Structures are given as C-alpha cells and as structure tokens.
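For reference, chains read A, B, C and D in written order, and residue numbers begin at 1 within each chain.
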C-alpha cells in the first residue's frame, strides 16, 4: 500500500518537526504535490525523492540549520494549488516551493511572481512552463524536447510514419499536439488524426474505434496518471495493436505494471543511473534502498530541486545574506551551473534546463532503448 | 337538462359559462355545461363525487384549459388567460385541500394576498399601515387575531379553514369560488362561517360554493346548480332543486338506470 | 498567520455570498438548482476576460458579470421552470455538466482546462486592490451588501410572494401572483449576485479554471445552505463559515494523514447532510417559530 | 464500418445504462424516493466484485453473489435507516434528495479511502475483442451485456406482472392506501423495490469493472445517466427507462463519429434537455407539467 508508506513518512516528518528544537537557523521550503485524488501516485513518487534529499542535506550540515519541507496537497488541481501556494507564502513564509503538474504550476506562478517566491517544477512538462516569469524555474526538460526526441526515432529508425494522437485537452496535451504537428512533416511523418479526451473520461472503446479507423502506424498518448492505464487497456482490448508511444508521463509504476502497456515507447530525460558521478551514485543507491523502487527521472528531478535549493541557500548563508526568493534567484543566475543527479546542469535564461533525452520501452531491458543528445 | 321554472327577476350575470367541455384522455370531466353565475348572490354547486365541480372551478380560474366552450367574465372571454390575470380581474378561490402558504405566518398569509404581483412598490394596495390595519380587521373577523404570528402549518384544522377564508377576504375579488369551505367544521364554527359569508354577500360579493352538507346548502344558497358526471342536470331556486326526487336519488347514490 | 486568516476570511466571504444567493432561490423560491457553480463561473470568467482584455475596473466587471449571468439564467429559467421540481433538479444537473464542458472547451475565452493565468488586480477608481487586507475589506463589504439586500427582499412584498409560491404555486397563481415573472426575477437576482462572488474570486486568486465551477462546487454550495439551514438568514452564512474552514481546520489534526483530508472533509459534510435530514431538516440555524 | 462499430459499442454501453436506469426508475416509481445514492450502489457492488475476484482471487460466481448480497443489504438498509426516518419527519422531495445525496458523497469518499482513488480494472479475457469482420471488433462482454440486460428486463416484467408483490409495487406509486387493501404492508413493498432496484446494478457494475474499469467517482456518472434515462423514458415507465438508457448509450458513442470525445457526455444532456423542454412526459410517461 503506497498510501500507508506515505502516511508513515508524513507522520514521521511531523513528529520530527515537532520534536526537533526550532532554531533561527532552520530553513523551511514548501512543496505542492498531488497527495490525494487520482494522481496521488505521482505525489508519492516525488515525496520519496524530496525526503531523501532533505536527509542528505541535513546530514551534510551545509545549511547551518535543519531543512524541512511543508507539504501541501494540490490534488493536481489548479485551484487547490493556488490555495496551497497562498498558505505556503503567507503562513509558512517559505522562499522556495516545489511544484508539479503543468496546470498547477501555471496557476501558482502569479502568486510566485507577486510574492517573489521561487517556484520550481520537476514534473510538469508543458512547454508554456518556460514563460511563467523569472521566479518560475524548471529542473525538467519540457515536453517539446520529448516530442522532438521521439518523433525522429519513430519515423526514421522504426519506420512508423502515420501518427494518431490521443491527448487530454489541457495545456500539456495541446502543446504536445502543436509540437507533433510541427515536427512530423519535416521528417516525412503524418499526424493522421488527433483525438482529445476530457481529463475525467473513462470510456475509450469509441476512441479505439476511431483510432483503428485512422489506420495509424503508431499511437501517441498524451494523458497522465490513472487515465493513461485506462486508455492503454481499452485500446488494446478493442483491437488497437499498433505501437504505442508517449512522453515521460509513462514513467510511473502503474504503467510499468500494466500488461497491456508492454512494449510502449516513451521519452524521459537522459540519466545514466550507472554513472560514476558521486551525486548520481549516492542517489541511485539510497533511493532504491529507501523506497524499494528503481530510480526514475521524476524522482531525480525533485531530488535535484531540493539539492539546488541546498546549494543556493548554503552559498547565501556563507555570504551572510538572508535566504529569500530574490536572493535565491540572484544566486542562481550568478552560479549558473550545478552538479546534480544525472550530471552537470546549466540553466537557460528563461529558467529552464536542457538535457539529453532517452527513449525507454515499458517492460524492456535495458531501460533505455536510445539516447538522443541535448539539442 | 331538466328545465326548472324560471324566477322572474334574476340579478345580472357576472360570469357566464357557455357549452363548456373538458376531457381528460377521452373522459369528459365537464360535459357541455352552460351556467350563469349572477351578481350579489350565493350559488351552490352540488352533486356527487366526481361530478366535475372542482374541475369547473379549475376551468374558471384558468388552472385548466377547456377542451371546448367559453367562459365570459363580465361579457369578455377569459379562456386562455393566465390564472394570475383572471385572479386580478376579480375571481378568487379557495382549494379543497386549502393550499395555505404553510411555512408563512397567519399574518403573512393574509398580507401577501393583498399585495401586488411582482414588484416592490404597492401603489394600488394603499399604505403599509393601511394594509396592516386591514389584515388585522380580517383576522379579527375570522377569529385568528391571537394566532397572527403562528405558522399556517401549526394551526388547528378549523383555524386553517378560517385562514383559507381570511385569505380570500383580503383580495379585492368580486367573485369568490369556495371549494367545500365548511367541510369538517364543528357546528359552532360553521354558524360563524355562514354569518361571515352572508356579511360579505351583503357587501356585494358574489359567491359560488361547492358544498356537500345539505344543511349548509339549504341555509346558505340563493341558487343551486346540480351536476352529475360532468353534466349540469338542474339549475334553480333551492327549494325547487331540493324537492326534486330524481335529483335527490342521484345525490344519495340510488342511481336509477 | 494573520495573512493566512485573512486569506481564509476572504474565501469565507465569497462562499457566503454564494450560499446566500443559492439559499435565496432554494429556501425562498423553492427552486432547487444544482447549477449554481455555473453562474459563479460566468461571473469569474467575465471578470477575468475583461481584466485581461479590456479593463481592470471592478465596477465595469461587476456590471457586465451580473448582467450576463442574470440574462443567461433568465433565458434558461423560462423553459425550465415550467416543469416539476424533480425535473428541474435533473435539468440543472444536466446544465451543470454541459456548462463544465463549455468552460473547458471554449479556450479562446476560458483558457480551457489550463484556465486564465495572471489576471491583473481589479481597481476601484484607478486604485488597484493588491493588498490582501484591502481585498478582504472589499469582500466583506460585498457580503454585507448582499446580506442586507437579500434580507430586505425576503421581507418585502416580493419576498412574501416568493415564499407563497414556494409553499403553494397553484394558490399563489389563484391569488394573482405572476408566478413565472416572480420566479424568473428571483433567479435573475440570485445568479446576478452569484456572479458578484465570481468576480471577486477571479480578481482575488488571479487565476481561474474550470475546476472551481464543476458539479463538486455546486454540491459544496448546496451543502453550505443545507447544513446552515435552508430558508434562514444566518444559516447559509454559518454553513459557509463551517464548510470553508473545515478543510483548513482538518490540516491541523496531526493524526490525520494529509492524503485523506479531502475525503474526510467530504465525508463529514456528506454525513452531516444525511444526519440533518433525519434529525433536523431545517439545518443548524433553522426551526425557529415563526421564521419562514 | 466506423459507424457500425460505434453503434455496436453504443449498444453494449446502452444495455448497461438501461439496466441501471431501470433499477432507479423502479425505486422512484414504487416509492417516490429520488434515490440519488443509486450510483453509490453501483460503485459498491463493482468494488466488492473487484476486491473478491481480482484481489482475493475468489471464484467468479461467488464474487458476483457477494456483490449482489452487499448491494441489496446496502439498498434495503438505506431505505430502512435513512429514507424511512426522513419520510416520517418531513419527507418532502428535497429532504430525501439531500439525504440521498449525502449518502452518495460519503460512499464515494469511503471507497476512495479504502481502495484508493486511482483507476482499477478487473483483468478478464472477456473484454478482449475479436475481429468479427474487417475493422469490426466486438468483445464477448458486449454480447453478455445485451443478453443479461434482456434477460433481467424480461424477468422483471414477469415479476411485476405476475406476482402479488410485483403488482403492489406498481400500485404503490398510485396510492399507498390501495396497497394496504391488498393486504400488503407498503413498507415491505418499498423494501422489495429497493432490493430489486439495487440488484439490477450488479450486472452493469461487474461488466464495467472488466471493460472500462472503475474509480471511486464512478457512482456520480452512473447516477447522472440513470436520472437522465428515467426522465427521457418517462417517469414511472420501466420500458421507457430501458429504451432511454439504450438511446443514451448509442447517442454517446455516435457523437464520436463526428465530434470530439469531450462532447459525447454533452450529447446525453442535450437529449435530456430536448425532452424536458419539448416532451417532459418522456417516451411513454404521463404528463408532468406542474
């Protein structure tokens, strides 16, 4: 039961928070994750990583005080996200908030900019996340990179030219649609049909009929969470036998465990789990030990987001400056390049990062089918 | 229709019903009825259950639309007119099941009837104090003064009957249609009731009443119209109707083929 | 902490306006609508769209939102109010679902599921309201006006006509009440005031999307009215306070796992609805003699 | 071919909608209770079946039987301990509706807490389609759905037409007094209506768990469809509810032929509105204007 573990982690951190003496040196950051609702799986995943990062930073004692995270539940819903953000900014007065999901991230970005609080996204991949102001950072390459990586691979290496897109009609899905439209034609591929679905839809037998009718070579699915499993299962049940493809949304346990999803291809940012870099090594080893899960790109991103804060806050402390959103932003611009899980990362001007991508196969060994270098 | 000998001088007709028919899925609840409701008198509708008396009321007040025929108020047809407009022309009614404004106080029940339809200002209904005085008067006449602030739902049965009457007294209607207003009243109450009605008629109100209790029918009626199975069988002076053996046998259920 | 309390208080004011306006048609006109969130949404979208495209003037936003919501409801009310009560509930339910689809599909106006981001703060006579305390003041004034106006209407002759219709429509008709007009006017008033809450909401959060205007929101508003006491003046306000503060209060219970707060909150108000209907159908503030 | 495929999909979905709607309509007709928690019954039976069959690996007939028992107990208990007390104090349409609504909210969240809010489905070979004709795929579940729906409906009609209690159930909505003169207790008849009405959701719940899967919020959607079908079919007409359920299922799928999927739910409610405005009595119902 993942929820039990999650509850245990929470109970523990609450106990720890209340037991430990609070000193003026202590630091607190916020996190707005889906902890309940249909996308709680993701929140669970992220939390394992952030907790690990917090314990590593506290062990290292580089901050001059204890670091802790105030978690708020967004249910992956924008409105809940805004309410949570208001609470974090006004009550907890945190300088730094971890965010997830494109919709939630967009929603909290106004508050972030107005209150000069840094918001860091490690999960949402909608390309418009790059345009949310200087206080909004992304430690995850956005979906345009994902589409640009997988499209040439499918068309040129696999010879799959005819695409059908099944997408949730939200900012992420729309941007993937735009990106596919733009990148397929030059490659000689065709986007034969695009089918949008409401985010709460359950029945996909009709969609399956339309997918079959379009006679695709490959079906690209741009949904998230539990709905992805439903789409895959019902497509397979209803006679869609073609190759399935997706973005990093497929990097969750529910998909890995779904028999119907076997063989589906999806992109994630490139992370060499077997790299010799000490940060990556330690993360890989301890994450696996602590959560009994294979490390994933999502986990690495949120680990990185906390680590990034640690690095910035430590150097601010060293310089005798208060840890505020403004100072964190200035410091990030000053340092520019960071050693994080997966290697060295450089921030672009708009607060996003570029990274090499890899293409994975569900249930495939080895994990990565193909590596695409950073553009 | 049985023809009764006509009395020489009848009052003018206020409401005329002309060949009125209403059928529900082929069953004629009111069947070709023609009737004059005359000014300043009490006309009683009698007849066994299912004779179509209440349906006739519903047709007059516009709650139902006739299948055929015409209803004329002071000479003008009112068929197809909305019930609230007919009410504003001057036809008020009570219901067999009372239909009080059950969650409102007695005072409010009467007051709201006095007020105009949808607007906040009450140009025709007089000043606020004037209206309140009038409500008080009516409650006094119906013996409900000490219950003014009680919710209609919490009244005793007889009190509810009187509230139903108080409500109709508050209207400016010229004609009242009363659907079994006295049923279930104890003798003391209905005496008070009959007196009240008589006073109102003296003020110039025209009343049409549905009543089963023959004692009341006798004591109250100026004219009687007898209905059975939707048809008007007789229409005339009380003693004429009540002395007709054929009608009384129908009334008491000994229907002859 | 003060800032957080003011944040909650502002949301309470907005929710109280919604509950009062819903109570107005449910409690006094006997119209049971499960589509209240639609008009909340119309108000919010009008304000957001205007603020993003034309003007940040609160006055213009309010007038436009109220008119649009009111006219839309009147257009719908005319055919829908002809049918029986349970049909109206079903029709309003269907309308709510349909409106949710429109809100998420009409992307050029509503921004789709992604919503409208970065709504500029509203201004009164050129003064932009960005300070949360000022905004709370604005919301409180709006709430006070709605309470006063609604109470005045309920106690007026119009209010009595409304209650008469609720208690017996046929009797009201028989006493010369223009039922269709009165009902339509009351729906117009209720939804126009509901749109005021929408305007405040959009300007306050500076972000809106369809999720705030779904059937869940309509259910929550209905629960506020019912828990507080349907057809009473203070009931909807009490209900709004309780149900708005409930999730915030639950976050302070240390033994409750974070992940379950949403469910526990909904279970509490679901259960409250059941128990109230069994033991005290008039709600917490209801059942005073003579109050109707 | 796409059109034919969509119609077939629609029939499968519609058959299950029809059955569920008949259950709702039966309860509403016989007791005048607007049983909003009918969707909750659906969710409960689906989750009981899922838990026994897919998690505990119980033999399927026993899992279905257990689902039947639990859902009947739930329905009857609601009638006895929630609707009964409400009816005895106030009993207006609205108080019952609110009480029922509250039950639906509680059940949905309880299921979410116990089983999680994510999507689950029962793995079954029955939901795997076979290609009947080129481009035409039909799963065994479609055939099962249609057969069971027809069988249940015929059985129900026989029961209502031939047995004392069945006749009483139809009479109850007309006049409770009439039922008493039959020598039957209206309470017992209402219990029977709840038991039967709740039982009718089981086939749909079980098949849905195999085809499109479940989540905790599924009850709400089922409820919307049932209410819509009851009204479109005409209140009090079981035949109408069944036909309307089928119609809504087909309409929802046919909408996919020309429109984006997010409008398919809207199709349901456009039909509902059309009926409410143009023909409020439904296919077979009585006039209902106030």
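Basically, a contact is a pair of C-beta atoms (placed from the backbone, for glycine too) under 8 Å apart; a residue touches a chain by one contact, two chains touch by 3 or more.
Since this is a predicted model, take the numbers as computed values, not measurements.
Undergrad: From chain A, how many touching-chain steps at minimum until you land on chain C?
TA: Tracing touching chains, the least step count from chain A to chain C comes to 1.
Undergrad: If you walk touching chains, what's the least steps from chain A to chain D?
TA: 1
Undergrad: If you average the Cα atoms per chain, which one ends up farthest from chain D?
TA: Comparing chain centres, B lies farthest from chain D.
Undergrad: By C-alpha centroid distance to the whole-protein centroid, which chain wins?
TA: C
Undergrad: Taking each chain's centre as the mean of its CA atoms, how far is chain B from chain D in angstrom?
TA: Roughly 47 Å, centre to centre.
Undergrad: Approximately how many whole Å separate the CA-defined centres of chain A and chain B?
TA: Spacing between the chain centres: roughly 76 Å.
Undergrad: Averaging only over C-alpha atoms, locate the centres of chain C and chain D and give their separation in whole Å.
TA: 31
Undergrad: Find the geometric centre of each of chain B and chain C from their Cα atoms only, then give the gap between the two centres in Å, rounded to an integer.
TA: Using C-alpha averages as centres, the distance is 43 Å.
Undergrad: For chain C, jot down the residues that touch at least 2 other chains.
TA: Residues 101, 104-105, 260, 262-263 of chain C each touch two or more of the other chains.
Undergrad: What are the residues of chain D that contact at least two other chains?
TA: 262, 265
Undergrad: So which stretches of chain A touch two or more other chains?
TA: 3, 36-37, 40, 169, 198 - these are the residues of chain A that touch more than one other chain.
Undergrad: So with touch defined the way it is at the top, what topology do the chains form here? Options are line, ring, star, complete, other.
TA: It is other, because the touches fit no line, ring, star or complete pattern.
Undergrad: Okay, what are all the chain pairs that touch?
TA: A-C, A-D, B-C, C-D
Undergrad: So in the complex, which bits of chain A are touching chain C?
TA: Per the touch definition, chain A meets chain C at residues 3, 6-7, 10-11, 14, 18, 35-37, 40, 43, 71, 73, 75, 77-79, 82-83, 86-87, 90-91, 102-103, 106-111, 114, 128, 132, 168-171, 174, 198-199.
Undergrad: Can you list the residues on chain A that touch chain D in the complex?
TA: Residues in contact with chain D: 3, 36-38, 40-41, 169, 195-198, 200-210, 212-213, 225-227, 229-230, 233-234, 237-239, 254, 259.
Undergrad: Going by the contact rule set out above, which residues of chain D touch chain C in the complex?
TA: Interface residues on the chain D side: 34, 82, 85-86, 89-90, 93-99, 101-106, 108-110, 112-113, 220, 224, 227-228, 231, 262-263, 265-266, 268-270, 272-273, 276-277, 280, 288-290.
Undergrad: Given the complex with chain C, which residues does chain B contribute to the contact?
TA: Touching chain C from chain B are residues 61-63, 82-85, 87-88, 92-93, 95, 99-105, 108, 111-113, 115-120, 122, 149-152, 167, 171.
Undergrad: Any idea which chain C residues touch chain D in the complex?
TA: So the residues of chain C in touch with chain D come to 32, 79-80, 82-87, 89-91, 93-95, 97-98, 101, 104-105, 169, 215, 219, 222, 226, 260, 262-264, 266-267, 269-274, 276-279, 281.
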